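Below, subunit A partners subunit B and then partners subunit C, in two separate complexes.
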Partner chain A sequence: MTDIVKPSPSPSEVGFVLGRRSVLKGAVALGGAVALGGTLAACGDDDESSEAGSGGEAASGTLRVGSNYSDAKPNEALKAVLDAFPNEDVTIELNEVDHNTYQEQIVAYMQDPPDDVAPWFAAYRLVPLASAGLLMDISDVWTNSLDDILSEGFKQASTYDGKQYLVPWTFYSWGIHYRKSVWDSIGATPPETYEDLLALCAELQGQGVTPFAFGNDGRWPAMGTFDQLNFRLNGYQYHVDLMAGNESWTDDRTKEVFARWAELLPYHQENPNGREWQDAAQALIDGEAAMMTIGNFVGDIFPNEDLDDLDFFPFPVLNDEHGTDTVEAPIDGWVVVAEPENEAAAKEVVAHLGTADAQNTFLSIAPGVQAPAEGVDTSAYNALQAKSADLVQNAANVTQFLDRDTLPAFANEAGQAFADFMSDPFNIDAILEDLQSKAEALL
Partner chain B sequence: MTATPSSTEEAVGADRADTAASTKKVGRLGGHGISQFTGTDRRVFLAMLLIPLTVHVLIVWVPTILSIGLSLTKWNGIGLDTIEWVGVENYDQIILGAFQTDFFQAVLNNVWLLLFLFFGPTLLGMFLAYLLDKNLRGSRIYQSVFYTPVVLSLAVVGFIWQNIMYDQQYGLATWAFGGGEAVDWLGNQEFVIEFGGYGLSKNFIAILAAMAWRHTGYIMVLYLAGLKSVDVSLKESASLDGCNEWQTFRHVLFPTLKPINVIVVVITVIEALRAFDIVYVLNTPRNTELLSILTTDNLIGEGADNIGRGSAYATVLFALCIGFVLWYVTNHYRNQESSV
Partner chain C sequence: MTDVAEPTTSAAEVVKSGNGRPAPRKKPVRPARIGLHLFLIVLGVLWLVPLVVSLYVSFRPFSETQAKGFLSMPDSFNLDNYDSALDQGDFIDKYWNTALILVPSLILTLFLASMIAFVASRYSWRFNVFFLVLFTAGNLLPPQIMVAPLFQAFRRIPLPDFMSNSGNLNGSNWAIILLHVGFQMGFCTFVLSNYMKLLPKELNEAAVVDGASLWTVYSKVVMPLTRPALAALATLEFAWIYNDFFWAVIFEQRGDDRPITSALANLGGQFVTDTNVVAAASIFVIIPVMIVYFALQKHFIAGLTLGSTKG
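Now for the complex of A and B:
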């Protein structure tokens, strides 16, 4: 039903669940370890495409794979990957489910799964499914093939309670996106500090250009801006603690985030709550707006000929203590259901999906994202992909996204509170008190 | 004129017996008639009663009672063994606790919707039906035009209102009323009428307009059917007696439409309570929540601890609906009985 309203390649409109401590550890480890893995992707060689899933004999028979890739490019790319699956004894049937429907029905889907292999998200969002025993422990796939080609950070993001449940597949990062040609023509350069950003905004507005394109229909886009301001100002750990309910929304540090946001808000397109992000991005494409805080997936709706003109920079420094040490980079991947009909084939296929070969094929058709495996052909990355991959690999901390880092019910409440703030910025104290009471009830 | 409960029962009993009697072509029956039927008859009656009753109980009342039960629990929807009994905690949260602003705004929106449906689409629908009943040229075309929104699928309705009517920049509504400026029809959550943090928001008014668009045609068709069945001689005698147009409608036509009025009242109240679809496809911003929306928001997704809360919203909605139905049924039978 909702698919007609706003199909979105976004970090999901529907929330997800966190199991607090265990995943916090995972998220922390993810941050550190991605940095360690930084150099790996750059020096990958291509001889790693072993298919050793379950270790023993080769699998055969039919395997059903679920897909929520309802956008054209990713869908085509996934089909190409599965068509190229090397073990010809396995027949793969793809079960395509609409993206939003899939997420709304995930609990029912996983309790009586029609497919053996299914798409899902890393970190916190694994927890409710894994802890309920709905996913298969695929630690052996990691031991047999993935450990060698994926960095420790991605492994942690795939881990719940010491076992691996996910094969990381793609990721992308959030930042401020802009058109190089537009910025050249007005003589602007990416600001490094918040003060520079404010100055630039004032200057752009003086020239009659809207500084920030912004559409908050669906309530998640504002979460992206909030996350950036929050971890730039208060640091990664504060983000984690706030999402877990261990810090307060009425804390002065949280209020400071909204104070900064209120300074930036006049430089955003007006009336964001009723605008879809695609419409906001159109203003960016048309040059009516100069920049947009969004994920790399914004490239998916850029016309191909303009794609080279799209660039992005990390959200500027707000607090020297934290600099730009945190990147928001949601990871998507594949899981095997708890009781697959064809376990051998399922493990073999997810092992294959974890390889650079499979991910290269996917990226060659769907270039809006980056892939995690060592050996992924980074030379084929466009400038934006390369920059994003580089940022993620050199970041001290990686967050997933507000609605992937806390309880889904609470993410929904936060989204509503942000919409209230957009509508009435001066009422922020009351809004935050209300949000805090919800955090206490839910987290 | 008020009937006592016992006489109501008797009347209903006699009514049933009369129906039974006429099918059987047996003479007049008293209040204790079942013994006069043959064994086969009784078995047929029993089957006709029990089969629909069983189906009804199974698909209506069992889920209802389970929902009410779930509203007293905390459950993430995964595995029956994770259901945890929490008593009235969910109700406490939504009525007195952290979620009360959402809850009372939603209840208030349901009330706005009810008032609006009565004073907007119902009156308009009645007026349109009255005009169309006059056999204007092309009245069939008008009928079809006004009725079309009722038969459109939800996907089309969502597209029409979100993208064609209410687009901020290029929407028809923006073009007609925006005066050259972009208008945030669905995102503007400012209150027009406000009291103590609750009120009627601008975007909810935009949604009401969309609801009216569909409800008017529906009401119109009902009244049109009613008007078509009014005996022409009534109108003729009214005009012979020198009634003007309004007097004819008020004192002659309207009273004959009583059965339609009853149906319209029921449809409108039920629609106001269970309204969901248009609001759901247009509901992105705040202050447009309805009880049905809060229920759904808490039930879909990969689950948190909120199926209990969703069920609590659903139970409140159910209580309002069943309250109306009970009140209505009681009154309806009373009036019918007293008018006999």
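Now for the complex of A and C:
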């Protein structure tokens, strides 16, 4: 489908560090890593981009914006944001497509883009598109307006080969979610170490409560559990290296992750591969299961009156060396296609989307996520949002998610391997050997 | 589906149905026959389960079925899901998009296939067999393997603005019509040529003796006689083209231009999918197929075995 050249990414490029004060381990990141793709990216139209910075002359005309916000609330929220776009000379046409199809077809979409501005993911997922020259360098938008309102970590997550290609828009985080009232009634408190977690699980099971709700239909929810176990046990750097193909799936450290997972599996709902995550979440809502390793979006399925009862805690410590220094927090954002029809308007709109103003409007209607811009009204956050935002800001390392931190083709293989592990945990050595051979072929 | 095998088909009916086979003797009802019918009834019911469950679920709110299970007794039973489906799915526009693709595809496919079938079956010339093999073999090729080259080719073929709002073939209805015509023609040609072979050759000769041109023989003699085959094919092709999601989402990048099948996908969110609204939407989506099926039921069943007896 694509003639994209796959760059061999350096580990630091895959992940990045977020948070105001932290120094970027991966700051050098994209510099050398992407020499391969850089040659391709050079055929973009950098020369034109200087004319129409967001600080330049006001734009006008029609601008086509793509949207994969197919959920009802985010969809409504995005429309509200675009309706409120201050420059009335620009008419915005929204092209709505469904989330999953959009993601699967991104390469086709970008090669002959029907829109000028489009939604996409931060960090590693930018690499194949940016290196093939399918995205416009919007460094000038950053220089003109975003540098002041976004922290260095977010900038790094938007950067490829020293240039910015993305405007960060929202993020959320992963952790273990639970119902406070249910835990109060059984007298449980969030465990801080792995041993505490195991003890709690045994106790819960004794009381007839399933410790973990779990549904792995679609093959992605298990990736969340894997990520947590791996970076807690082996640390951020090892996780990043593994995702980049620089560490082995047959390594003892990787096997240790699955050994721990196998210990936890009996405490999960059985036969997860055929259950949708939203059905698993229902067990959490009903109090049949005590907790669930999932993203904050689980709140979207909670009845409104129960939302205050939903809380989460970071996955417990497995290795004191790493503590809970890593948070998984996927960032979504906006890109401009390589050759937009209305470049001035495209840049003005993405610059606007990067502002606290726009993000506040979005969050007021779709409160399932958090927003990155400085000045976002955090006082309007519910407890869950506030906790998540705080965790992310104070984390030493932030990962995106397995299917965003490595090549999509390999993520599919990993998803299948995890599913196979669920149905036959004793076969893990063969599964990992197979996965390693896929990693060698793809990464 | 349960009524496929009528137990007491009378000899007269069999003769009337015109399959030419001798009428079977009337047999006494045997236990095996009862068993067969029980089996068929069970299968028939199983066949209906998904439809009935979707229908049932579509009248109940998502929160309720999530909490109590899909097959629980309803607390509330209303049309809210249909409301939301209409609201979010934009069905009227999507039906129209589908029609814009379906109608030209259907007409072009049948028209072109019938012309090839006419020549290949009614005249003997050197490449008869070659062409039939070509079209039949085309059926065996999975269309998916052609996606990448087609996509690259289509986006390099410019079209004027009034034909495509992307400026090239990719992103326009024409691309999808072309693909449907291309991929469906093999099957249609195969079926129609087999059917036309059954028509007596003498009709052609008589027409030619009377001074009819090739076109007249095709349009005035052969086509009217082929009408049953065309009707059956039209029913089948309607269902196939209507159900297409694959080509439509690849070659239509604008959500507004996509056909009805994409409206269903649109109802799926990033994380949460309201299955009950999707159920309601599915009911909307199958209505046209149901109408066509019931209206042309006889042809549809004929279509399943069309061309199977003569190769």
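As a working rule, the second predicted complex is superposed on the first by the 390 of 443 C-alpha atoms of A that agree within 3 Å, B and C clash if a C-alpha of one lies under 4 Å from a C-alpha of the other, contacts with A are read in each partner's own complex, and residues count from 1 in each chain.
Heads up, the rule we're going with is that a contact is a pair of C-beta atoms (placed from the backbone, for glycine too) under 8 Å apart; a residue touches a chain by one contact, two chains touch by 3 or more.
Every value quoted in this text rests on a predicted model; they were computed, and no experiment measured them.
Contact with subunit B, but none with subunit C, is seen for A:A419 once the two complexes are overlaid on the shared chain. Considering which of subunit B and subunit C touches more of subunit A, the answer is B. Residue contacts after overlaying the shared chain place A:E256 against neither subunit B nor subunit C. Using the contact criterion defined above for the overlaid structures, shared-chain residue A:S70 touches subunit C, although it does not reach subunit B. By the touch criterion defined above, A:P272 reaches subunit B but does not reach subunit C.
In the superposed model, A:Q105 lies in contact with both subunit B and subunit C. Applying the stated contact rule after C-alpha superposition, one finds that A:D217 touches subunit B and leaves subunit C untouched. Looking at the shared chain after the overlay, A:E288 reaches neither subunit B nor subunit C.
With both structures placed on the common chain, the touch criterion links A:L129 to subunit B but leaves subunit C unconnected.
Once the two complexes are overlaid on the shared chain, A:S437 sits against subunit B while remaining clear of subunit C. Shared interface residues of subunit A, touching subunit B in one complex and subunit C in the other, are 1, 105, 111, 279.
The touching residues of subunit B, counted against subunit A in their complex, run 76-79, 82, 93, 97-99, 101, 154-155, 158-159, 162, 166, 168-169, 182, 184-190, 203, 280-281, 284-286, 297-298, 300-306.
Only residues 1, 68-72, 74, 95-101, 105, 108-109, 111-114, 277-279, 282, 285-286, 295, 297, 300-301, 303 of subunit A touch subunit C when the two sit together in their complex. Within the complex, the subunit A residues that touch subunit B are 1-2, 4-6, 14-17, 103-107, 110-111, 125, 128-129, 132-134, 216-219, 270-275, 279, 407-410, 412, 416, 419-420, 423-424, 434, 437-438, 440-442. Taken together, the subunit C residues at the contact with subunit A in this complex read 63, 66-67, 88, 147-148, 151, 155, 166, 168, 170-171, 249-250, 253-256, 258, 262, 265-273.
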